[in-house]
Every structure is written in structure tokens, then in C-alpha cells.
Amino acid sequence: MALVWIPPLLRDLTGGKETATATGQNVDQVIVALEQQFPGMRVRLSPDGVLRPGIAVVVDGQVGRFGLLESVGPDSEVHFLPAIGGG
Amino acid sequence: MKEFDYAAPVNLTDAAVLLAQYGARALAGGTDIIVQIRENRRDAGLVVDLKNVAELNVLSFDAKKGLILGAAVPCYRVAEHPEIRKHYPGLVDAISIIGGVQIQSRASVGGNLCNASPAADSIPALIALVASAVIATASGKRETVPVENFCTGPGRSILGPGAVLVHLHLPPPAPNSGSAYLRFIPRNEMDIAVVGVGVALTLNDKRTACVSARIALGAVAPTPLFVPEAGAALAGSPLADADIERAAALAQAAAKPISDMRGSADYRKHLVGVLVKRALRIAIERAKGG
Amino acid sequence: MTTLANGFKVIGTRPIRHDGVDKVTGRAIYGADMQMAGLLHGRILRSPIPHGIIKSIDVSKALALPGVEAIVTSAELTDPGNRIAELGEGAVNLKDLSSNCLARGKVHYKGQAVAAVAAVSPNIAEEALKLIVVDYQTLPHVTDVRAAMRDDAPLLHDDQVTESLGQPTGKHSNIAKHIQFKKGDIDEGFKQAAVVVEREFHTATVHQGYIEPHNATALWNADGTVTIWCSTQGAFSVRAQVAELLAMPVSRIKVVPTEIGGGFGGKIRVYLEPVAAALSKKTGKPVKITMNRADVFEATGPTPGSYIKVKMGADKDGKLVAAQAYLAYEAGAFPGSPIGPGAMCIFACYDIPNVHIDGYDVVVNKPATSAYRAPGATNAAFASETIVDELCEKLKIDPLDFRIKNGAREGTRRADGPIFPLVGLVETLEVAKRHSHFLSERQGDKETRRQGDEKMGSSPCLLVSLSHPLLPRGRGVASGFWFNCGLKSSASASVNSDGTVSLVEGSTDIGGSRTGIAMQLAEALGIRADEVRPVVGDTDAVGYCDVTGGSRVTFATGWAAYEAAQDIKRQMITRAAFIWSVTSEEVAYENGSLRCLVDDTKRLTFKELAEKLHATGGTIVGRASVDPQGVGGAFATHIVDVEVDSDTGKVTILRYTAVQDVGKAIHPSYVEGQIQGGAVQGIGWALNEEYFYNDQGTMANASFLDYRMPTSLDLPMIEAVLVEVANPGHPYGVRGVGEVPIVPPPAAIANAIYNAIGIRMEELPMSPGRVMAKLLAKKRA
Amino acid sequence: MPKKIHVETTINGKPMEFLCEPRQSLLEVLRDEARLTGSKEGCNNGNCGACNVILDGRLVNSCLVLGPEVQGKTVTTIEGIASAQGLHPLQQKFLEHAALQCGICTPGFIVAAKALLEKNPKPSEEQVRHWLAGNLCRCTGYDKIIRAVLDAASVGA
């Protein structure tokens, strides 16, 4: 089960819980699994079937390239962070 | 950039006639006027290039007559002139920091005066050195005006239509005299003075006391500011720290700066005190060192 | 070719850049140099007010001016609607992007584009601008971030509500976004602290300051295709933006990146390209638009001004136990400040168990901010690294030792969650600690003192200092972090019959990157750097490439070149096998030559085989498109000595040393150049650069005269020390190097000023007036 | 259409004639009429040096010279620095020292440095910094530029 770090601004949905475990082969499935435990999570993270604009998913320390399709391993650590560009 | 005509007269009479036309502007080095026209800060229907008028390019020093500085003479000629470097160091201080090398090649001292910027570097130095402006009027007459009376407001001078600044005259240097110009800028080049200070003084033969002194300020009033009382306070004094402090305080009192992006009024007043003291010390060293 | 100690033959050497001769002879063609028959010149009419409603625009008088051929306003651009598009470096709101090219109904800052004219000469186009009559209804404006956050502040966008990860806030606000990071228990953390320091900081809006103004030349063809030549950090990004704004398919747009005169993040968003295209469509002629310097300052860039409050605590042993930050960044007219990276970088140098960070993206009536070298990180580091210096002072611990003790390293969990892979912060600190600069006598050793005095004596403008030979001097250090990024890159390389290789890559080259990319191809093939001819391709000539930004090009496009080389090697092996009538498995490619494993007499150098290609099946082209992970973050530690004129408040940089983990320096000279240039931009930010706004909401210093970037006379040599902690995520260990060097300077200089005069500067820039005000206040106290 | 003035001048050793409006700067004339685009516009008000040319032996900002002013004068631009024999030592040293990144300021720096070395063949670091203070570079921090000029001087450029 992947370990998901709940963004602080979503912890109103987790009753303050900082992390949660969720099963899924990719980020989309992980979010669906989170939705089961914490209703309302999905629309906050991936409205309209894509990651919320300006949000990047980081799996095991690597910034994801495939959005919701980024694959997630059984022991993966998943973060949702502001997307970063650069100068 | 607005459209305008261009003329390059070769004698003073033609120049005066052209400059008498409505909307005519004089061009010497062009480092101010071209930018002002381009940025719509000054209008011009006709630009009169004065660089080909021989009389405006005279640069001559005579131990008895003093210095004749033609209105169109570019800064580098003044700054590189050995006798001017020896006798008018305060003028050289000022001239050699008007812009970088590229500006030095073009900008003229006369133009710096006629542009009448309150922050012009050359003007406080010229005032301190008792310089006067020799003007050819439209009617062909010559007038001589002390530089401290030349500017009438930001960008405004006493030059009327058809009048041409011919040259600046600086009296010969007295023995045991020294001068200096200091300006404060945030960078070390390519800046407009936050404050500028020109000083000139003469010591007695023993070099133990001050005979006379003149102090002028830049960027602290609508025009470059002559502060006679500050110089007078030094006359007859041994130029002790207390004397210098008093002169600096009088200069500060006379300064009426504004606050803008180059510095607040308070900061400018503070700098006047600092720079007057520093400039006086340099001028004294020069007067003693000969 | 000789092999270097590190096992490389090309990487780590310093060849002459391939585009060098063109650039030292004036032949290189930059955007503004475009000349073509019938070329029209475009100029932009800009808003004279910071905030207002456009009631009407009358262009009739301007159109009547002889020489004027066309005028466009936003009416001629398709309204993209309120949509978000993913464009290269990130998500962009197309309504905002479009309004920033030509205002739609409302102007949000002084200098915003309102209309554009095409005429037969630049001067006539400028004349025409004065004849366009625009009727504005002026609205109250706000240019300060904290004022804009107040409930009674004038709203820039009536419908804007704060984006807070979908948390409904309900009310309209200038606060476009709120982000938050939490780690551990902040209150518990501060309870464990023996020393706590808290301060508030303000930083001014600053500009990237590239010397080349923005430009674009467009030619709209009768077949409905358009070609755009422009100075951009990303040709494909320009293509995507223009396609969205003009509602046309990307295949109908060709963007040709000319040589580019600096970007630093400011030449990613389009300003002129769609407008030039619209004018060309209207006139049927090529149209070139160039900005003047005032346009560049008032309508492009800048990077946000900010308000930052930081509180940090350490226990008695000097271990950081808690850190809290509140950051509010000015987005400018439209949402999108780099608040995210700012908040993620502020404590990134340290391993801190308890952290709480709040960040706010706030719109104000200033130009829409753009990326600028490590966007958001410099503002943040100025605050946190100043606080760290104060903690060290209170704990009486050496600032480098403190950073070594608390520094982030492999395995450290960042405040925003993820864990650092192998990184080189501690290595930079160890090197800095042993460096002659840090070991030299604190108050300016003889060497620096001599440097300083020469400087003073040499130019008349420095007589001020000359008359005061012994001014207070101090030394400061600071560290900084930047993420760097990977993103997508493509390259293709064809083997020529003379054994050279023509490389086409898609990353516009702002600082010699085409050579760094060619060197990686050469290394992989075992040939010389000068045997590769790299060119930057247009959007029809090469595969998709993301922008030149995020310190990604040498990493990602270099990787594409490396993969293209592997592709060439595979094909060369097959070809040699064919010639020798053996199987591919029986051929080895070693050090730029091919060897038959079953017959030792059979050998071909790369050049020899290249000569045989045409006769054995034709040329070989290697291709690669990559989107690599394994990005290595960059850390830097800077040391600076300053002198403070205690009578004027003027700060002089006497000596500067920048130590940085560069992963692997492909071309060390250009790596040093990135570090030196970044450090000097940081020095300018620290000392004198700022947007000075008057109460009419107008930038009063929109020129290089009064926007004071450092000149050569304001600086000493900048010593760049390269520390190589190879990035395991890249075939050659490359880490991005371009951005992080701008991060430490303001804090390092602030710490040096404190060391010199005992005053903590809390505002950027630390200009003479601000330093003097603090000195006088201290005297009075 | 605005009326134009006929101007005869010498550019990079070759006599040249052009027609220009009085308001056209030498920089505009060089770039748009003579098609010598090596001189760059960075600020158009004399503060960046990217448009530097040598006018009758003196270094000037071509954006602050009116086209008609060069009647009968000689102008040297970046295009006139290298010879048929090859690069000028300054150009070679700029390449060897990696003294350019984006390259937009490079023509101005090389022209300015040439004017310096003609006046002072063996300048000190401070003299080079002072002379080049009218040329802005945003990429390099000046370090490698100063080294390139000093090195060019040492080989007698």
C-alpha cells in the first residue's frame, strides 16, 4: 500500500491526519482509494479528471511526468506539491 | 521620435539666426537633447548642430587671462588638458564623471550647463571656480553672466531665442588655491548625482589660514545652488575641524532638496554635510600640495 | 585524444563555443536583426494608468497618418475564455495571457498593451500611437502586497476567489492562492528551543535585466500559415501560446528561434508574437515589433516584491528544532507568482523536525511577474539565511559549522515532504570552510584591503572613499537551494561522410549550451567537440523541446544528445557488421572506433566508417526524445567581504567567492560563467535594484540609468569554486547550475553588513539611503 | 513622408553614402540602411553601450549620434574589427576566456575594449573596469570579460 502525504490544506478532509495509505497502480487509482476513506478528496485533487492545475505529483522523490497515470509501487511514497518551473 | 529638421552652421551669426527660429534646439554633444526629444521631454522643430562653429571649439589657458572653454568642447578634451588638470582640479573632478567614456567623447561642458539640470555635475564646480558664461545674443551683442545666475529652473536657463553660449571663462588660479568636486551616487559610474558639491578655496602664503572660499551644491534645489555664506564662514579661519563643520552646517541649511527615487530629502541633506566636509579636505590638501 | 583523470575525453575540457565567432564579429542574428523585403515596423500603445476600464478606443486619426498600414486591438484576437492550458513550464490562464498581450476591457498595470500599430518605419509607428484616443475610467490601484491583501483593497479581478486546494473561501480577494506546508509540531518544536529569532522582511520588485529588449517578427502567408522569428527561451512554448491565443493548429505555426540576448526566465511568456502575427495577417506583409527599454521594464518580467516573516529556533547545542514562515509574493496583474518554489525553498537547506509554512500569491497593479532565475527562492533565502546568521551569533557558533551541523543531506526529509537524494550542500560548506577567503583575516585581509584601496584610488568618482581609508568591513556567508528540472528535450544527429556529426537540438542557447550539449554527444561517440556541429532547430526542424529554463538544458537536452549518440552507435555497429560479414554481436564500439571481436585485423575508426556509409546503405541519423527524471537539486554557499561607508551608507563588495555543487561540469568555463553571472545578479538585487513606484502607480525609474544594475566598476572578480558531487540520475552526473547562484547573495551581503556595522538589514535593496537611515537610527538610540 | 538628407561617410574603411531622416540615429542608420546589425540597441539612451562604435577615433554610443552628424567622418563598427587575416586578438581572447554568454553586449564590449587598448595598451584591472563601466553585461558578472581584455593587452592587441 502506498503511503500518501496529505497536503495540509486537505487535512480538513482527513480530520488532521497527515498521512494515509491507499492501494493503486497509478496516481488516479490512489486518489480513488483516498476518496473512499475521505469523501471530497478527489474533486480537490483531480477535478475534471486531471490533476488540479498547478499541482504536481511526486512519487518516491521524483516529480511525475504522467499526471494521474504516473505509476505507483506498493511501497511508494506519494506527495502532491505545487508544480515548479524555473528561470 | 518626432520629425525635425537639421542644420550645421559653420559660423556664429548663422547659428544665432537658426536658433532664433521657433522650436529650434542647439545640439553640441547631443547626450541630453537627443534623448529628451526621443522621449518626448523636449520638442524640437529644428536641431542646430553647433560643433562646426570654430569659435565654440576654443580651449585655451593663459596664466594671466585664465581659461577660455568653448561651449561645444567635449568633456574629454577638458579632462585630458594638462594645464586644466593642474589649475582647475575641481572642474576636472566634475567633468570626468559626466557619464562613461562614450559620453565623455561627446558631451560638452557648455551643453551640461545649458541643459540646466539641477543635478548637473559641472555646474557646482564652475560656480566654485568663479566661472562666467559669455553669451552672444540674437542682436549680436556679448553678455557675460556669472554661472550661478545662468540657470533659472529645472531645464531652464537665461538663454533666449537666438542666444548662443559662446564660451565659459574661468579666472586664473590664485596661488595656494585648491578646488574639488564630489558627488554621491549609489553605483560607481553611470548615475545622476544624488548630491553634488563643488568647493574652491585660497590659503594665505603661509598656508595656515583660508583667505576665501566658495561652495556650491547640486541636486538639492531647482537649480544648482551657490551658498556664499558657507564659503564666507571659512574666510580668515584656520580651517580647523570646527570651521569645516560650520561651513558644512551652513550648506546643509541652504539645501532645499526634494524626495525622489534618487534619494529622500533627509538623506540628501545629510549627504550635503558629508560631502562638503570631504570636498573641503581634498581641496585643502590640493591647495597645500600646490 | 587524451583521456582526462576523470576518464572523460571531452567532458571537463574548455573548447571554443561553436557559435563564438559569429558572436564576436557581430554576425550572429538576434531577433531585432531580422530584415526582409517589405518589412513593416510595429509599436505598442500602452496604458498610462495602473488600473482602469477601457471605455473606448478610437484609431481613426492614427490610421489616417501616411505610412500607417494596420492597427490591432484585443477585438482582433480570439477570446480564449477563462481556460487553463498546460504550456511547457506550467499551467497558464489563457484569458490573462491574452489580456497581457492586448488588454481586454480593462487595464491592470501602467504599461499594459492596449493597441498595436504597423507602419513603414518605427518612427511613423510611434507617431501613430500618439494619435490613438483611448477613453479610460480610472479605478483605484494598489501596488503593495500587504495593502492588496486587506479586505478594503481595490480588487483587480472582481470574480477572483482564493485558490486553496479547492477549499472554498467564499469571498472575493486579491489573494489568488494560499499554499501550506506542515511538518511535525511547530509549537512543541519552539518549546524545545533555547534560542528563537523572528523578523519581518520586505523585498522590492526587480527585473531580469537582459540587455536585449523583447522582439518578434511575423510573416502570415496566404496559405494561412505563419512564421515567427523571435528571441525566446522556448520556440515550442511560443508556438503553443500563439496557437491558443490565435485559435489555430500548431502545424500552421512555425517558430524560428533567433539568437537570444538573455532571458533569465523573462522570455518564456509571449508578449509580442501573437500581436505581430495579427498585424501581419491584416497587412499581408512581414511585421517586426521591438520593445524599447521602458517597455521592457514596465510591461515584462519582473520578479515579485515580497513580504516575508520568519521565525526559527535552535536548541542549546545549535540544532534547529523549529521554523515558521509566512510569505506573501506579488504576482503582479495576474495570478502566478513563484510562491510555491519560494515556500518550498525557504528552509530547504536544513533538516528541521518541526516546520510550518504559509504562502500567498497576491495580485497587485504591477506588471505580471515572470520567472527569474530560481524563481521565488532568492526572496525566501534573504529572510531565512539572515535569521540563521543571527541564531549563529546568539549561539556563538561559526555560521559554516552551524550549517554543516543542520544541513540537508541524502535522506533528509524536506519541509514540503519528499526526501532528498544525494545532494552536495555539506560538501560546499566543507570546501568554503577550507577556502583561503574564509580562512583570511575577518575584517578584510591585506589582499582584499589592497584590492579595495586600488579600486578607490583608480577612479575620480571614488574619491569619497579615498578620503576615508579605514571604513568598517565585514564578512558574511549564506547558502541556497534550487530544485532544477528535467522536462522534455529532443535532438537528432546525422553522421557526415567526413566523420563529423551535424547535431540539431531544440533548446535555444542563451549561454553556450549548444556546446555543452555537443560535448556530451562527442563524449558518447568518442569524437572531438569540434567534430560536432550543433544548431538550434526551429519548431519544424527538430522534435519538441521545453523551454531553456529551470537549469534543465545541459541536463535534459544533453541527455537527449547522449541517447542520440547511443542510437548512432547501434547503427554504426550494424553497418560495420554488414561490411565485415559478421553479426552485430561480433562488433564492439570502443573509444570512437569499431572493432571486430572475431577478427582482430578488422578495425574501423568512426571517420573511416563514416566514409563508407553512402556506399553501404546511406547516412546514419541518431534520434532521441527524452523526458528524464533523476533531476539533481543544486546547493551553493557564498562568502562575501564588504566595506560600508558609515557616513553615506554605501556598501562596496571587496571580495566574493561562490562555492557550488555542479554535479559534473561539462564545460567548466561556462559553468563558472553561470555562477559568476548569477551571483552578480544577486548582488544587484541586494544593493541597488528596485522598481520605484510613485503614488500614481507609475514606475519612476524605467531606464538603465535609474534601474541600477551593477557595472564592471562596482564589482571585484567573482571566484567560482566548482564542487562536483555527480548526480546519479544523469549519465554524466550533470546537475543544473544556472539558477542557484542568485539565491545566496542578498543574505550573504546582509550578514556581511551586520558583521561590519552591527545592523540587521530587513529590506531589499540595501541601498545607501536605507543603510544610512538605519545607521542614523542606531546613533540616535 | 519625411524628407531625407544625403550623407557621405566612411564606414569600416569603405566610403559610403546614405539617405537618412534627421531624426534617425547613427545606430538606426547602421542597422536599417547599411544593414550592419552587429551594433545592438539595448536602451537607446546611452546607458548600456551595446551600440558602441568608434567615431573619428573616439568611442561613442551610436544611439546618441544623429545620422547627419557623421557627414565626412569615419566610423568603425564591430563588423570592422576582424580582418581578412582573421580575428582581432580581443575577439580571440573573448572566445578563449568564455567572456560571452548570450552575446548581445559582446560587440559593444569589444569595440569599447579596442578603443581602450588603442589609448592605453597596458591597462590595470581597475582601468579596464573604469573604461568599461558604460557597457552593461547581465550574463557574465564581468569577470571573464575583464580577464579577456587584460589577456588581449598582454599579447599586445
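Lettered A, B, C and D in written order, each chain numbered from 1.
What we mean here is this: a residue touches a chain if its C-beta (ideal position, glycine included) is under 8 Å from a C-beta of that chain, and two chains touch if they have at least 3 such contacts.
Computed from a predicted structure; not experimentally measured.
*Asks:* Name the chain pair with more contacting C-beta pairs, choosing from C-D and B-D.
*Replies:* Between the chain pairs C-D and B-D, C-D carries more contacts.
*Asks:* Averaging over Cα atoms per chain, report the distance between chain B and chain D in Å.
*Replies:* That pair's centroid distance is 29 Å.
*Asks:* Distance from the CA centroid of chain A to that of chain B, rounded to the nearest Å?
*Replies:* Centre-to-centre distance between chain A and chain B: 69 Å.
*Asks:* Please report how many Å separate the Cα centroid of chain B from that of chain C, as a whole number.
*Replies:* Whole-Å distance between the two chain centres: 43.
*Asks:* What residues in chain C touch two or more of the other chains?
*Replies:* Residues 123, 208, 263-264, 459, 704-705, 710-711, 713 of chain C each touch two or more of the other chains.
*Asks:* Find every residue in chain A that makes contact with two or more other chains and list them.
*Replies:* none
*Asks:* Show the residues in chain B shared as contacts by 2 or more other chains, in ascending order.
*Replies:* Within chain B, the residues that touch at least two other chains are 1-3, 188-190.
*Asks:* Between which chains does touch occur?
*Replies:* A-C, B-C, B-D, C-D
*Asks:* Spell out the residues on chain B that touch chain C in their complex, using ranges where they run on.
*Replies:* Residue list for chain B touching chain C: 1-3, 92-93, 96-97, 180, 182-192, 194, 260-264, 267, 270-271, 274-275, 278, 281-282.
*Asks:* In the complex formed with chain B, which residues of chain C make contact?
*Replies:* My answer: residues 123, 126-127, 459-464, 467-468, 647-648, 650, 687-688, 692, 700-701, 704-706, 708, 710-711, 713-714, 767-769, 772-773, 776.
*Asks:* In their complex, what parts of chain C are in touch with chain D?
*Replies:* These residues of chain C touch chain D: 14, 16-17, 19-21, 23-30, 32-33, 35, 66-67, 122-123, 208-213, 259-264, 290, 292-293, 454-455, 457-459, 510-512, 667, 669-670, 672-674, 676-681, 703-705, 709-713, 715, 717-718.
*Asks:* With touch defined as at the start, can you tell me which chain C residues reach chain A in the complex?
*Replies:* The touching residues are 84, 86, 89-91, 163-167, 177-182, 208, 263-266, 268, 338-341, 343-344, 371-375, 416-421, 482-486, 549-552, 627, 629-631, 736, 738-739.
*Asks:* Which residues of chain D touch chain C in their complex?
*Replies:* 1-2, 21, 23-24, 28, 31-32, 35-45, 47-48, 50, 77-79, 81-82, 87, 91, 94-98, 100-107, 110, 124-130, 132-147
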